[in-house]
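Naming follows writing order (A, B, C and D), and every chain is counted from residue 1.
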Amino acid sequence: MTKNPLDANPFTLEFHPSPQPPKSTILELPIPQPQGAKTMPIRVTVWNENRHEQKNPKVAEIYPQGIHGALKGALEGQGFEVKTATLDQPEHGLGGNVLEQTDVLIWWGHLAHGEVSDETVAKVQARVLAGMGLVVLHSGHFSKIFKALMGTTCDLKWREADDKERLLVVAPGHPIVEGIGEYLELEREEMYGEPFDIPAPEELIFVSWFTGGEIFRSGATYTRGRGKIFYFRPGHETYPTYHYAEVQKVIGNGVRWAAPLASADPRVFGNAVALEGK
Amino acid sequence: MTKNPLDANPFTLEFHPSPQPPKSTILELPIPQPQGAKTMPIRVTVWNENRHEQKNPKVAEIYPQGIHGALKGALEGQGFEVKTATLDQPEHGLGGNVLEQTDVLIWWGHLAHGEVSDETVAKVQARVLAGMGLVVLHSGHFSKIFKALMGTTCDLKWREADDKERLLVVAPGHPIVEGIGEYLELEREEMYGEPFDIPAPEELIFVSWFTGGEIFRSGATYTRGRGKIFYFRPGHETYPTYHYAEVQKVIGNGVRWAAPLASADPRVFGNAVALEGK
Amino acid sequence: MTKNPLDANPFTLEFHPSPQPPKSTILELPIPQPQGAKTMPIRVTVWNENRHEQKNPKVAEIYPQGIHGALKGALEGQGFEVKTATLDQPEHGLGGNVLEQTDVLIWWGHLAHGEVSDETVAKVQARVLAGMGLVVLHSGHFSKIFKALMGTTCDLKWREADDKERLLVVAPGHPIVEGIGEYLELEREEMYGEPFDIPAPEELIFVSWFTGGEIFRSGATYTRGRGKIFYFRPGHETYPTYHYAEVQKVIGNGVRWAAPLASADPRVFGNAVALEGK
Amino acid sequence: MTKNPLDANPFTLEFHPSPQPPKSTILELPIPQPQGAKTMPIRVTVWNENRHEQKNPKVAEIYPQGIHGALKGALEGQGFEVKTATLDQPEHGLGGNVLEQTDVLIWWGHLAHGEVSDETVAKVQARVLAGMGLVVLHSGHFSKIFKALMGTTCDLKWREADDKERLLVVAPGHPIVEGIGEYLELEREEMYGEPFDIPAPEELIFVSWFTGGEIFRSGATYTRGRGKIFYFRPGHETYPTYHYAEVQKVIGNGVRWAAPLASADPRVFGNAVALEGK
C-alpha cells in the first residue's frame, strides 16, 4: 500500500504495495452533482480511547498525535472538517453540542470500553438514530455503542501474530470502494476471525483473508433509524495501518457514504388521526 | 377468518371470512422429512404481561384464560408442547431452567414493559443469541427485549379506531406463510403505521393495509446470533384476534421457523491459534 | 403535490398537496463533498416507448413532448445532462456510443416490450453490470431488461380505476428520500398490487397504499454487478404524475443514487495465479 | 472430513478430518415437528451433465456411478426419494412430468452448459418460480439456469492447483449448517475466488478460504418467486468431494431448506377488482 504523503511520521515498517493499484485517487475524482449546488464540508468527529498511545512507546512512535490525530490529518486531506474527542476529556469529549455538530462520528476503542459512560452511549445512539453516521473501527467492535446498535455480543476470534491480511471487495459498485482495486493488502495486522457475532450485514463490502487460515467479514454496513453505520476492521494499534493511503481512502469513502441526509427528519410517531376520511 | 374450533369461548364479535381461504390447514399438511427420523415436539413458552385481563372486563371476556391461555390452547392444537409465564410470577415466570427448556419464546406485553427486570431481559437476550427462537407479538414491539435486540426505538404510529387490517403476503415461498392465502383480513384491529423504527427486516413477510390510509411492515424476521426472531403485528387486547385460526396458524408457522437447530453450538470465540501452519 | 414550475404545460387535472410537505427542495440542498473536488454533471438517457403519446390524445395532452420530454425537462432542472431515446428510433435510440456515454438510463415502456430487440436488451444488461445505473419506471416492470436483471416474471395485480395512491417511506435515511416527507400522495393513479413477483428488494424504499385495499412495494433497489437499479412505481400515462415536483425529486434522487463509481472497474475474472507463494 | 460409509468406492485420496467435528449427524437428529403430522419424503432429482465421467478416467474412478450416482446414494441415505437425470437423455432427462414430480432439483454442469436447450431452461425456471427448490453445485454457477435466475454473468476467478479450501460458517443458526461445526475443510479442491459476479446473497452461509490467498462466497441462498435457491461451491470433478459425509450433509440440509411449501400457490396476477367497496 502506498504511504500517505500527508503524514510526516518517519516510521519504517515494511509494507507491500497492492498488486492491483486503484486507477485513481480520491482527490482526483470528479464528484457528480447537480450544477449550481451549494457545497459544505462534512463535519467529522474522530473519537479515540487514546490509552495505548499513553502506555505503549511503540504505539506512540507510530501515532505520535494519537490514532485520532492521524485520522484527523488524513480526513482533512480529503476535504472533511474534522474534530477529535477522547475518553479522558470531560464527557469523553462529546458534551455540549459536539454531537449536534457532528455529521459522522468515527469510533476507536479497545482497553476501556467499560469506562465510557452509559449516558454518553445513549446520547450517541439517539444521535445515530436521528441520522448521524457512525464509522466503527477495529476493536470498536466491542464498544458499548456498537453492541447497543447491533443487539449481539459482537464477539470474534483474534490473534496477534503478524498475520498478513488481504481485504477482498465483494460489493464492487458500492461507494465505499470508490477508487479501490480488487483488494487491499496489509502486510502485518492482528487477525480477527469468524465467527463474528453480528447481525447479517445489510451490505457486505469486504471479506478478509488471513495467513493463519481464517476469514472475516471486515467491511459491513447497517442502517439504524435514519443513521448509517460502517464497520471497518483494520487498525490494530501496533501497526501503522491508518497511515496507508488506501485505508484512509476507504474510511473517507465510508464517511461520505454515512453522511446524513440534508433534509430535516419528517417522521412523527405516536397517536395518529386517520389519513383517510378526515 | 374462520374461528378456531379448539377454542370454546363463545364471544360473539363479528368477523369476515378471508375471501381467498388457504387451500389446506396446518394439521393436514404432510411435513417432508427424512425417513426414520426421531421426532420431538417443539417446546414453547408463552410469556404474557397479563395485566389488561385483570383490569378490563372486555379483555377478560374475550380472553378468559388470558392471552397466554388462548395462545397455549391454539399451539397445543398444532402439536407443540406449551407452557406459560406471566409478569407477576416470581422472576416473571422465567426463573430456574425455564429458558433452558424453551425452544421458542412468545412475548406479549404492553402496559408494563418497564416492570420487566433488566436481569430477565439480559437472560432472554443471551438465550436468543444461543439459539432460542423469539416470536414478538403486537405491542411487544416496545418491550425491552425487542428493543435490545433491534438497537432502535421500535417506535411507530398507532390509533384505536376499529380500522380494518389486511395483511398482504410479500414473501410467498416463506415457511411462515405455509397454508396462508394471498392475505389475511382482520375486520377490526388497532392501527399501527409507518414509520416503524426497526432495522430493515432480513425477510419481510407481511405488509398491512389499514382503512385509515396507513401501511405497516407487519411480519418481519431477524437473526441475532444463532437465534431467529419473528415480529408479528396483530393482537390488540380488545379484539379476539388470537382466536382466529389463520392468525394461530401464522404464529405456529413462526414457531416452527424460529425453532433452534438440533445440534450444539460449535462456536468458539477469543484468542485462537492459527489453523494453518500448526 | 406541488406542480413543477419548470413545466409550462397547462393541463388542468386536480391534485392534492402532500399533507406533510418536505422541509426543503433539492435545488436548495447543500451537497456535502470534499473541498476542491472537480464536478461534472451526471449524464442521463431517458428511454421511452413513446407509443401512447402517438395513439391517445389524452396522453398527448398531458405529455405534449412525450413522457421522455417531460422527464428530460424535470431532470435538466435538477442539473443533470439529459438525452432521450425512443423505441422507433434506429436501434431504439441506443446505438453507437449512446450507452457508453450514459451514466444512468431511465426506462419507461408498456405496450411494446416485445418489440425491443434482444440485442439491445443484452447491450443494456452488459452496461448495467459494468456500472451504469438503471431507473425503471411504472409499467417498465414488464420490460425485457428488468425481467432479465431480476430473474422472475415481475408480474403483479393492476387496475385502472382512479385509485388514490399514497407512497409511504420505509427507509427514512436513504438518499432516494432526501427532501421527501413521510409519504407522497397521488390523487389518481393506476393501482399495482401484491403479489409483485420480484426478488426481495435489497432496499425497500416505498410501500404504496391504494384506495381499493391493496399495498405494493413501490420503491425498491437492487445491485447487479457494479450497476445499481431503482424501480419506482408511479407514472401511468393517463395521469400527470411526472409533472409533480415530488415525483421528479424522487426520480432525481434515484439517478444520483444510481450513478456509477468514478473509478474504473478493477475486476478481473478467469484463470488466476495464486496471490500467495508467488 | 469423514468418508461416507454408504459409498463403497475404494478411492484412496488423502483427506484431513475437520478439527472441530460436528456434535451429531443428520440421521441422529430429532426433527421437531407437530405430533400426528403425516410425513412424506422430499422428492429430489439430481441433474448431472455426466460428460467428465465419460471422458476422464480419473473422474470415472472417483465417481464410477457418475456424480449423480454418488449424490443419489448419499441423499437416499438421508431419507430422500431420489431420481437422476443427465444431459444426454432425451429432453436432458427432464421431460414428461419429471419436474412436476420434483420438489428439489440439484444441478451439476461444466463443459456443456451451451448444450442445455433454452426450452428446458425456461421450464426449470418456471418450476422454480412456482416453488421447486434448486441446489446449484460448483461449476453450475455458469449454467444457463443459474444465470437466468441471477441476472448477472456469475463469472469468477478459478485455478486448478490442489488448493486447500476451508469453508467457514457465517450464518450459525441457519438450517443449512445444522450439524456442521465452525467450518468444513477440503484438503484439495479447485479454487474459486472473488470477484464472484452474483447479486448480494439474501443469506450468506459459507465463505471459503483458499491456500493461494483468495476468499469466495461459497454458500449463498436466494429466493425467486416461491422457489428457494442454494448455491454451494465445492465439487470439482477430479476430487472426491461428494464422497465426504459433511459435504453430503450440507447438500441434504440445503435440500430440506429448499423444499417447497406443502400448500398450493394462492397467488393471482393481472387485472383485479378492488378489495374495498365491493
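FYI, a residue touches a chain if its C-beta (ideal position, glycine included) is under 8 Å from a C-beta of that chain, and two chains touch if they have at least 3 such contacts.
Treat the numbers as computed from the prediction; the structure is a model and nothing was measured.
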Interface with more contacting C-beta pairs, comparing B-D to C-D: B-D
Fitted rotation between chain B and its twin chain C in degrees, CA, nearest 5: 180
Distance between the centres, which are taken as Cα means, of chain D and chain C, whole angstrom: 36
Chain B and chain D, separation of their C-alpha mean positions in angstrom: 32
Overlap residues in chain B, where contacts from two or more other chains coincide: 166, 169, 171-172, 182, 193, 195, 200, 202-203, 213-214, 223, 225, 267-268, 275-276
Residues of chain D that touch chain C when the two form their complex: 125, 129, 148-153, 155-159, 161, 163, 191, 193, 195, 197, 199-200, 202, 211-214, 222-225, 267-277
Chain D-facing residues of chain B, complex: 19-20, 22-24, 26-42, 78-80, 103, 131, 166, 169, 171-175, 177-182, 202-203, 223, 225-228, 252, 256, 259-268, 275-276
Residues of chain D that touch chain A when the two form their complex: 166, 168-172, 182, 193-196, 200, 203-204, 207-209, 213-215, 217
